[in-house]
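Next up: some structures, all given as structure tokens.
Across the two complexes that follow, chain A remains constant while its partner is chain B and subsequently chain C.
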Partner chain A sequence: MRRGILAKERLGDLIRRWAGERLVVAPVRHDTVEFEPVSSADEIELGYRNTRLPAKRFLFRPSEALLRFDLKAAPERRVTEAATESRPMVLFAVRPCEARSFTLLDRVFLGGDFPDPYYANRRGATAVVGLACAAFAPTCFCTSVGGGPADRTGADLFLFDVGEVFLVDVVSKRGEELLAGLPLPEAQPETVERADRAAAQLAAAMTVVPGLDQIGPRAEEVFGDSCWQKIGERCIACAACSFLCPTCHCFDIQDEVLDQIGRRVRNYDSCMFPLFTLHASGHNPRAEKSQRVRQRLMHKFAYFPEHFGAMACVGCGRCIRACPAANDIRQWLRILAASCPERT
Partner chain B sequence: MNPLVSQIRDTARRLLAEGRVELVLGYETGPVPLRNAPCFVRNANEVDSLTWDHFCSLNLAVFLHGNPRRIAILAKGCDSRAIVNMLKERRLVRENLAIVGIPCRGMIDRAKVERLAGGSEIEAARIVGEKIIVVAGGRMVEAPVEEMLRNACRECAAPTPTYYDLLLDGTARSPVAVGAIDELPQSDRTKRWRRFEAEAAKCIRCYACRNVCPLCYCRECCADQSNPRWIGTSPNPSDNEMFLLMRALHLAGRCVDCGACVDACPVGVDVRCLFKRLEREVRERFGHISGADPNEKPPLATFSTTDPEDFLTTV
Partner chain C sequence: MTNPYLPLQTRIETIRIETDDRSLKTFVLRFFNGEDAGRFRYRPGQFAEISLAGKGEVPIGMASSPTEGEALAFTINRAGIVTTAIHNLRVGDLLGVRGPLGNGFPIERLEGHNLVIIGGGFAFTTLRSLAVYAMAPENRGRFGRLTVIYGARRPGLLLYKEELEEWRKRGDVEVAITVDAAEGEWAGRVGFVPAVTQEVAPASDNAVALVCGPPIMLKYTLPVLADLGFSPEQILLSLEMRMKCGIGICGRCNIGPKYVCKDGPVFSLAELKDLPQEY
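And then the complex of A and B:
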């Protein structure tokens, strides 16, 4: 890994150059801060904590056509595959939690025998520029799930804002390509130390939810715990948490047809909806809210670790910020973690 | 401490001790500033979690659905109107319910405060006298509470519940004359439609507005029906508009303007822009104020020969 200094006045050139050849997506401040396509560095907001919507929507789209059909056409032209996007993209100034979320989505959509072409094409053309956190929001808990304010996981380039300059870590070959030979003068040891110390101090000051890695190994006991009723009764079973979660990745497939012409789309779906598991018979294995909340939490902290080797939560806190019923996943997890040892 | 807090706790303690109820539904301090969480109190030793301030915007009546227990519920003016409608629609067993009315001083609009803070996440908030002081993005900003109240509260004609089992002592906001504020003029259709389009475009179809609404309780929502599929699930303009319009029409004459849907929306759709308008239609045409009178029949469940019919003939 190469480390160097990038003067802030060079950022304008860099963004302009990238914007000439790729889609550049970066945080922009309006009433809230959101990721949006930008064409110049002036539009970019670096002083944000977390955007309201996650950057995942640029890789895993809220709604995406899989194929188009025209049942009135000749048999060989009835179905056409939807074009998959592969325009090069830079996701710029992404917080470490979100950069990490991409590596979790990768495990779902790129792993196994059947990589998802829609996600894969976009992801393959995307470079991620991470930005170390200088402060955390009251809802942040990344250090409890393996992340941190300077976690470089998922980033190709990683920036620390250290006053007049950025300290830049070139994390991957793709990051090197992004710089395209741009010289990075070596950083003063003092600058490096300042950046690392600030990140370490920030990490140390964050709220910790302990014992989350114990939920997986005790999944069966946790599943049968009496706490779920209490947790479930506070939930209104909407999908604000799922749709704003950087790692939730469930989708529903629908045909949208008008007069025999239409498209097959996949849209975000959520295990918080009863419809998610409603059988054709009318039976619903997760008819109760408490069962659905359990599914969402267990998927993140037991099943996903079992199948993909990591917790499916990056501690961004969006679900806490957005929950209409003011639920706090950290509080729920504390209850779960506390219910584990009691039963041993 | 707000004098209402001790009244609420004493009342909860008494109702539980007397065996009048098994559960008290109130508010506790939430995990994030400006939004209190629901508090489910079953034992006297949990009573001290109950709180009351300007952050109790959630309409707790939504938690009454399907709950067979004897429940005491804290109710602001708007919440009591929702309960009235739920009773009229036979969603609740009256004997199981103890409605604890609270004279309401209005609830803070989180989105307004976030805008005030320049879009930063609110780190801390405090009410000092008539001001709200918040810390966001590392800096402190303040504003008069009045300006930061939710529009539903600023336009509320009945902040003190008119229907309750007991009413706590307190001073409510001054009620606003019914219909005094109406930001979307009736005359300009194009402007109204543009406004609605802009709101609908933001929708991500998480159904938080529907699920947080005490009066949106259909066993199967038509947005979820798949055979036939009335409303597409894609978050595109036309399906979003269909969903919002469908929901608005289903709540015509029933919506009590508690503003819970606006609060619940994670992406800031002003769901209320439609409901406010429908509320006026129902009031002006049928003289009905939703949830105000427990003995009055719902306007869509009754018929009178004097009902206006001009909407059938005018475009």
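And then the complex of A and C:
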């Protein structure tokens, strides 16, 4: 791994050059900070803690056509593939939790027997520039789920903001290509030490939810825990948590047709809704809210680890900030991890 | 990269109304493109996403057997928007097929064993596929004794009636057809599937039971099989679940860590005992 210094005044050139040949998506401040396409470095907000919407939506679209229909056409042209997007893209200044989420989504969309071409094309054309955290929000808990303020997982380039310069780690070959031969002067040992120390201090100061990796091995016990009823009562099944989660990947598929022209489209969906599992017969295996909350948490902390060897949570805290019922997943996880008798 | 969401085009060759209430019809489909027919290799117990452009997709078990040639058959219950629209189609209309999906019955594991096929209601469709497969001349020798126990609520709701009659005449398969309640000229058995299973009493030695039916039938049939000496490993079930993608991505058909679409729909009772009771 190459490591060096990038002067901050060089950032403008770099963004301009990238924007000339690809879509550059970076955090921009309005009322909230959100990832948006940008054309210059001036638009970018680097002092943010977490965006409201996850960067996931640039790889896995909230709504996306899979097929096109022309019901008037000859049989062989009636149903065709929707074009997949593969325009080169840079996701710039992504926090470590989100960069990590891309590697989790990769396992779902690319890791099976049937790779998803829509995700694959976008992902294959995307380079990720991570940015180490300089502060954490009260809702952050990345260190409890395997991440950290300087976790490079999922990043191609990784930046530390160390005052007048960026300390740059070239994590992957794609990151090297992104620099296109740009020289990175060697960092002073003090600079490196300052960056590493800041990240370590930040990580040490974060609140830890212990034992989350033990939920998987105790899955049967946790599933049968008596706490789910109480937890379920506090959920209003609005699914804000799922829609804002960087790792939630469930979707629905629907057909839309008007005047014989239409499309088959997939939309974000959530296991929090009773319709998600409702059979045509009327039977519903997860009719109760408590069963659905359990499904969401078990999927993230037991089933996903069983399939892919990692928890499907990056500790970004979006679900905590967005919950209209003021639920805190960390509190639920503490209860589950501890399996203590008097809880909630 | 092949697109797993793109259906293969088929044309409806035959539509057979199976039940007197017209709620179940069998659609025989022929691939539009001859190459698709060659590539579509399936085994009994698998399913496909059947789609009607503009209406949507539904996961349906395959009722045909690969031994029957290139045409595919699906027996479809009219239940919701898509299946109702499919029921209104005519011969010559187009349907999309994505598949084959799911694990299907473990033919290699069944080989050399006696097969006890137990079905109730319209869940019999994929069992029909297996029965036809096992009775095909090229396959009959690969399996031991064949027993088929099949029940419906009343005679008018029995699927594949003519075929069942043919099976009965064969002599190399024991066929027990039953109805919960007789009507009209029904001269056959009357009784619930669990009771008939007890009567027929198939031996569990070197046998595998393949059971599909409504939950109430399973609830009372599984203990009968246990009494007959079938171990949880010797009992295979095929499950239904609401599905969308059919390839383990969209996240809705799971039972605990297993996806019914890709890890199933066929599970042994032993496997199901390790999963949460959420189906």
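Following the convention adopted for this analysis, the second predicted complex is superposed on the first by the 339 of 344 C-alpha atoms of A that agree within 3 Å, B and C clash if a C-alpha of one lies under 4 Å from a C-alpha of the other, contacts with A are read in each partner's own complex, and residues count from 1 in each chain.
FYI, a residue touches a chain if its C-beta (ideal position, glycine included) is under 8 Å from a C-beta of that chain, and two chains touch if they have at least 3 such contacts.
What you see is a predicted model; the values in this text were computed from it and never measured.
J.: Mind checking the superposed model to see whether chain B and chain C fit together on chain A or clash?
T.: Once both complexes are aligned on chain A, chain B and chain C fit side by side.
J.: For A:D161, using the defined touch cut-off, is the partner it touches chain B, chain C, both, or neither? Pick first, second, both or neither.
T.: In the superposed model, A:D161 contacts neither chain B nor chain C.
J.: So in the superposed three-chain picture, is A:E306 touching just chain B, just chain C, both, or none of them (first/second/both/neither)?
T.: second
J.: Would you sort A:R52 into first (chain B), second (chain C), both or neither based on which partner it touches?
T.: Once the two structures are laid over each other on A, A:R52 reaches chain B alone.
J.: Check the residue A:E98 against both partner chains and state whether it touches chain B (first), chain C (second), both, or neither.
T.: Neither: A:E98 stays clear of chain B and chain C.
J.: Can A:D116 be said to touch chain B (first), chain C (second), both, or neither?
T.: Touch partner of A:D116: chain C, not chain B.
J.: Vertex at chain A, arms to chain B and chain C: angle between C-alpha centres to the nearest 10°?
T.: 90
J.: In the superposed arrangement, which partner chain does A:E76 touch: chain B (first), chain C (second), both, or neither?
T.: Second partner only, chain C.
J.: Which partner does A:D151 contact after superposing on A: first (chain B), second (chain C), both, neither?
T.: Neither partner.
J.: With the two structures laid over each other on chain A, which partner does A:A135 touch: chain B (first), chain C (second), both, or neither?
T.: The answer is first: A:A135 touches chain B but not chain C.
J.: Of the partners chain B and chain C, which touch A:Q254 in the superposed model: first, second, both, neither?
T.: Touch status of A:Q254: both partners.
J.: Which value in Å is the smallest Cα separation between chain B and chain C when the structures are fitted on chain A?
T.: In this superposition, no C-alpha atom of chain B lies closer than 5 Å to one of chain C.
J.: Can you pull the chain A residues that chain B and chain C both touch?
T.: The overlap between the chain B and chain C interfaces on chain A comprises residues 252, 254.
J.: Any idea which chain C residues touch chain A in the complex?
T.: 1-7, 9, 11, 32-33, 51, 53-58, 79-80, 83, 94, 96, 240-242, 244-245, 247-257, 262, 276, 278-279
J.: Which stretch or stretches of chain B touch chain A in the complex?
T.: Residues in contact with chain A: 30-33, 35-38, 40, 58, 62-63, 111, 114-115, 118-124, 137-138, 204-208, 210-212, 224, 226, 229, 232-236, 260, 263-264, 266-268.
J.: For a test of understanding, state which residues of chain A touch chain B in their complex under the given definition.
T.: Contact set of chain A toward chain B: 29-33, 47-50, 52-53, 62-63, 135, 137-139, 230, 233-234, 236-240, 242-244, 252, 254, 256, 265, 267-268, 270, 273, 275, 320-322, 324-328, 330-331.
J.: Give every residue of chain A touching chain C within the complex, in rising order.
T.: For this pair, the touching residues of chain A are 66-67, 69, 71, 75-76, 78-79, 81, 108-109, 112-117, 120, 219-220, 223, 249-255, 257, 262, 264, 266, 269, 271, 276-281, 285-286, 291, 295, 298-299, 302-303, 306-307.
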